[in-house]
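Paired with chain B in one complex and with chain C in the other, chain A is shared by the two complexes that follow.
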Partner chain A sequence: MIELNAVSGAFALLSSDINAWLYLLPGLVIGLVFGAMPGISITMAMAFALPATLYMDFLPAIIFLTAIYTGAGFGGSVPAVLMGIPGTSSAVATTFDGYPMARKGEHNQALGVALASSVFGCLVSYLLLFFLIAPVSSVVLKLGPLEMFAVAVWGMLLLGSLAGRHMSRGLLAGVFGVLLGTIGMNTAGFIRGTMGVPWLLDGIPQIPAMMGLLAASQLIGLINTTYLIEDEGSRKISFSKILSGLKTAFVYPTIILRGSVIGVVIGAIPGVGSSISNLLSYSETKRNAPDGDTFGQGNPKGVIAAESANSSSEGGAMATMLALGIPGGGATAILLAAFAMHNIVGGPSFIANNKDIVYALIFSNFAQAILLLFVGLGFVYVASYVVRVPLRFLIPSVLVVSTFGAYAIEGSASGPITLWIFSVLGWAMVRYGYPVAAAVVGLLLGSLLEGNLLRTNQISGGDFISYGLERPWALLIFALMIGSIIMQALSKRKKLKQAAENSESRSASEAS
Partner chain B sequence: MNSKFSRRNVLKVAGGGVAMAALGMPSILRAQGSFPDRPINIVVPFDTGGYNDRLARAFAPFLQEALGQPLTIINRGGAGALLGHTFFLQQPDDGYTILCTSAAPYIPLNMLTQNAEFTLEDFYMVNLPSQDYTLLATSADSDIQSIDDVITRLKEDPTSLSVGLQPASADLVNFSILCEANDIDFEATRMVTYDGGGPARNATAGGVVDIGLVGGEGFLPLAEQIRPLLTFDSRQRDNWEGAIVTDVLGAETDFVVGSQRGWGLHGSMQESNPEAFQILVQAIETASKNPAAIEALTTQQLATDWYGPEESNQMLARTAAVMEQYIDLLQGQ
Partner chain C sequence: MSTKPGRRVVWGHLLLLTVIVGVVIAYLLDARGVSTRVNNLLLVQPAAILALILAALVLPGLFPQRGSAEEDELPKETPADLMRIFALIGALAFLAFSLETIGFDIATFIFMVVALAICGERRWWVNLLFSALFTVFLIYGYGTITPFPFPLTIL
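Up next, the complex of A and B:
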């Protein structure tokens, strides 16, 4: 599958042109800074840089843009950990454990863990891309609505983990989120729940809503606290602790690998991508972890799972883009536009004729991942000073920046308005003990669930069962899902039994 | 209170000042010289990366050269271009905001299905160089070989093939015309609706749906994965094999062209700012005929043909009229 000629050609390309390397560092830094600003998405950072690439050669231009892609992918995790604000929708699951870690005073470790998992996930994804670009792309187009529906249901399983103390409230919040996610014009062209507001025709703006629910509501709840981390001694910025966080990530290679594989596969599916993959990876990791109960309270494994999956989605999305010439999401659409600006059309013929360029891209992304480790360390070190800012300054500034971000992403007042409405809603949900995260997951998955269920109905003519039997991949996904649930139930029972035996033997020994 | 200024007098003075400023403004602008004397905004009612966005960005340098002022591209995506079109019309018709859009089908669709508060006359199309068309295709490894296969199978059993398309689209209208002409029960067919051209094309190429009807230009990158069966135009387009609709359904058949994309102005500009109007129309013509522009756009698979305002507005009106006939279909009833 790997052609050595092309590989050596790729090395020749990369070593002949110093320009190809010059843009790596600025690309990563631009990506990190933009990604870390709440509301500025990966796509916007890349769109911002796109005009500049017109004056570069093709390879440096694409390397510059993919460096921004990589940088922004991690940048979004920094506010997710430090403030509970997912800078991009792909960092939602990072907030679940990263933010509690930060509040406990483990912000250094959390950022270290996130960085290491991102770097590793990115490396793995490009490694997989290197080997699998052809097979992945042939499968991707064959995925039908039933498979996508299965993926969405898989994501919904996360609700069980997010419910907190009251399962019923968790499910209610999740259903509420799904209903919110179905607002707007559905896939069959029917308009629901927009109340005549044209800005709602495409649904509730997801990123402002998410920022409002997760972040602003948290911040409003903190209004009586003086610092993000209450214990003064824990507020230190420690390089050695960041490094120890880096190491922590590699204690759990299975979690990173699972996250990376989920990230690549989900990232390769057009229209799904990193905003779903981090949720799936988090939920799978939690279900399989022996200490699953401590997830959500600052367990580094949760951060590892989320970060390895969202950064590895980049490789998956690139596979689809290079192999098929179709964009999986906004970021790859910008890359394709950059291709077009240099008069290159992606797709099967591009790969067949330009293997050396494809490999050069892959190798330069290896370099990006490794460079991200160092640039990211510096960035994280500076960014973590946020924990030393008194909350009476931090909360208003973050709310203002989020408002600007929400405006930037929607280009109209609909962004800030959504942010404010959902901040109040989020605060009320927290106040009355409903898990906000469950509503966010519902919101993110709602349209995916509904659209694909509807299409499954259309395509099967209502006969779900006989259609389902023709779709082995969907059956496989459902089987994996059910298997995973049964495994969890079994291990839980075993644990309970053991606990019971332990207490029995203890009481027996006490009696004797 | 012993102030020298009573509230009433302050208000009077302030009001007068505002009125003076309002009266003075146009003359100040006029004094600065002829149109255009500041940068011009191009509104693209779609997100970055789509056809209109690419067209606007590729064409801007040449239009800029012809106008002598820099151009700024503003993406206002959402709600099937309704938000962008509304935003454009809300800007003053002074020529400092121009539009690059898929005039058809989106302007008629906004009007017919979304209760838009504008009419066709609010827009003036200077040139619509890109004329997309519906392509009916199947996956390259499908057992369907020709459009006759499709018609035969659907005639026998309208549920035998699943059909991927977008709701409220030209493609949907074209499919209903094909069904009607061949006595196929349109209502009974298994139509699978997708949120955009991209997903519908992917489903077609991957064999998720048996056949798909989508804008043909977008199929070009997927050319190796599909088998083109029928082009809804009176001539062959983009070297696609397969049949042409006027050969299959007869030269007199109705069909809707796909997206008609290009450059628009405020309809009211002709009266309110005739000078600026003329300058813009001429600049777009000059840039469209610029050999460097034609070369640059052609290599990016973007259209630059010059049809001119008269023909462009007629083409749009014709499409709008056909779409209006199928209003029930487009409204999803």
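Up next, the complex of A and C:
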């Protein structure tokens, strides 16, 4: 179950390279600060920091990014508790009970509960990853190009169909991303869609495009956002009360464990992730709790359920990304881009040949979770200032930093120009309900999909049907894919119908 | 006489869909122009056709019925809000296209002054001071983290 040679290799990697530890603290702090700023998501924080990893070694670069991931997970809960505004989409359910607790004067306890649940959830998710990664890697190695193609398409379809309200828009975003991802020279040597631009021969610059779609576009959309801040200035931070909050979290081990397991499972499914897992864990806990009717009025169990689930989603998403090389959402797409920046291809062969690096990442995340406990305690003291950073200063500053990053990565104006084009595209997509994460994942997977399809074509001699019939796993994945898409379509149709009925009854009551 | 409320056209969405469809068709034609061999079109052609089918499915959403749930979902910015967004997009375009020609320092300073004003900073001295300090801090700070030779004019 655990490969001891790889484990000792991981210890050797971590103990021989000071850089592996050097970026842990800055990563956590960046994540906490960005996560605590309302409107800045985990993905945005990671996208902005991505260019800075260009000159780092591979392991420190990934550790730095995962530290931001971990830090932003808890950072998002700070404004959720103090202001009732989720710092990130993963902290929506935290507001349900965290903010009422703060209004009752229990903000210290709420922050303590959130911190303990985040740390525990993160530890549980990486512990599961630690035990499962070896068996999973032996399974994924058996996947051929057709299976990999099927898995990648399934992941994309899930992402396109689950994210956003309209399935057709989600799928269009994903397919459009795939097409953009195939621009340039393919593995068979054909050059398409470059419009004579030399730097498009290698394809669209992925990192500036991702930064534009995931980060800059959201900042443009934030320009007209104002957050109403009530009387939070007078809230005093008390260390002892935060500690009592930390203890409170462990009074309910079942809730923490249930939240963590929900987080891992949901996090592993492409397209769902922490923004859904926190809501699902909250509603499950509310349904099972004997005092479920007090949820929403400042019950700490609600905060525990939400925070343990959103932080444990990280481990689940990492499992899918590491095992299959398929990002489940924006954050793991950025990690995969960081892999590519260091000329490393994620997926089955990476996990099989570099188990020591994978274990090193897992151990580093244990350390991150424990360090978060202390850094998070200190951060709470400055958090009330961070959540108030005016957006009018933040938006232009971060846009300039991302433009610099895009230039540094590409080494020419092609980076900033790509960033600009995709930030406008991303802004328009978000505005009209297209999930940009689907387009980003499509962009990243475009060449992988085409490569696997070309290999399948070569192996099968062009006879896909006979070849496919000999591959039961591929058939199973395709069957599951079709089944899940039909289920999603029916569920979305039902929801839209319900929304239309609600709207009609509302307008009828307004008319009367 | 029909009492059904009319439909409206979501022009912004129509423009976005036109751009997506335009890019897909142009790409498909370009790819077919390069070669019609299977190894060239194996993924691109079916994906492009699928994208066009999906775009056709999205099309009805561009003309929602007035008072419907779909119309409620539409963004509700005022024209002034939209103008601010377009102004910021324009300022970002200036930054992206002028960095190499006028230097990162000057382009950054001009962008910061304009973008801060667009984002609502009305005190001119705060704007100029913050923009100047931020430009200097970024040029030297970012240059330390990322040792890339950014073209500069003054700093």
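Methods note: the second predicted complex is superposed on the first by the 279 of 512 C-alpha atoms of A that agree within 3 Å, B and C clash if a C-alpha of one lies under 4 Å from a C-alpha of the other, contacts with A are read in each partner's own complex, and residues count from 1 in each chain.
Criterion: contacts are C-beta pairs under 8 Å (C-beta built on N, C-alpha and C of every residue); 3 or more make two chains touch, one makes a residue touch a chain.
All figures in this text were calculated on a predicted structure; none of them were measured in a lab.
Of the two partner chains placed by the overlay, only chain C lies in contact with A:419; chain B stays clear of it. Contact with chain C, but none with chain B, is seen for A:403 once the two complexes are overlaid on the shared chain.
Greater residue coverage of chain A by touch, when chain B is weighed against chain C, goes to C. By the touch criterion defined above, A:188 lies against chain B and chain C together after alignment on the C-alpha atoms of chain A. By the document's definition of touching, neither partner reaches A:382: not chain B, not chain C. Legend: residue contacts after superposition of the two complexes on their common chain; A:485 is shown touching neither chain B nor chain C. After overlaying the two complexes on the shared chain, residue contacts for A:411 are found with chain B and with chain C alike.
In the superposition on chain A, A:166 contacts chain C only, with no contact to chain B. Contacts of A:178 after superposition on the shared chain: chain C is touched, whereas chain B is not. When both complexes are overlaid on chain A, the residue A:476 reaches neither chain B nor chain C. Put simply, chain A uses residues 51, 188, 190, 411-412, 454 to touch chain B in one complex and chain C in the other. Residues 51-52, 54-55, 165-166, 168-169, 171-172, 175-176, 178-180, 182-183, 186, 188, 190-193, 195, 216, 220-221, 223-224, 391-393, 395-397, 399-401, 403-405, 407-408, 411-413, 416-417, 419-420, 423-425, 427-429, 431-434, 449-450, 453-454, 457, 462, 496, 499-500, 502-503, 507 of chain A are the ones touching chain C in the complex. Those residues of chain C whose C-beta lies close enough to touch chain A in the complex are 10, 12-13, 15-16, 19-20, 23-24, 26-27, 30-31, 34-35, 37-40, 42-44, 47-48, 50-51, 54-55, 57-58, 61, 67-70, 72-73, 75, 77, 81, 84-85, 88-89, 92-93, 95-97, 99-100, 104, 108, 111-112, 115-116, 118-121, 130, 134, 138, 142, 145-148, 150.
Within the complex formed with chain B, the residues of chain A that make contact are 43, 47, 50-51, 140-145, 185, 187-190, 198-199, 201-202, 270-271, 324-327, 330, 333-334, 336-337, 340-341, 343, 345-349, 411-412, 451, 454-455, 458-459, 461. The touching residues of chain B, when paired with chain A in their complex, are 47-50, 53-54, 57-58, 74-76, 78-80, 82-83, 86-87, 113-114, 159, 162, 167-168, 190-195, 198-199, 201-203, 205-209, 220-222, 224-225, 299-301, 332.
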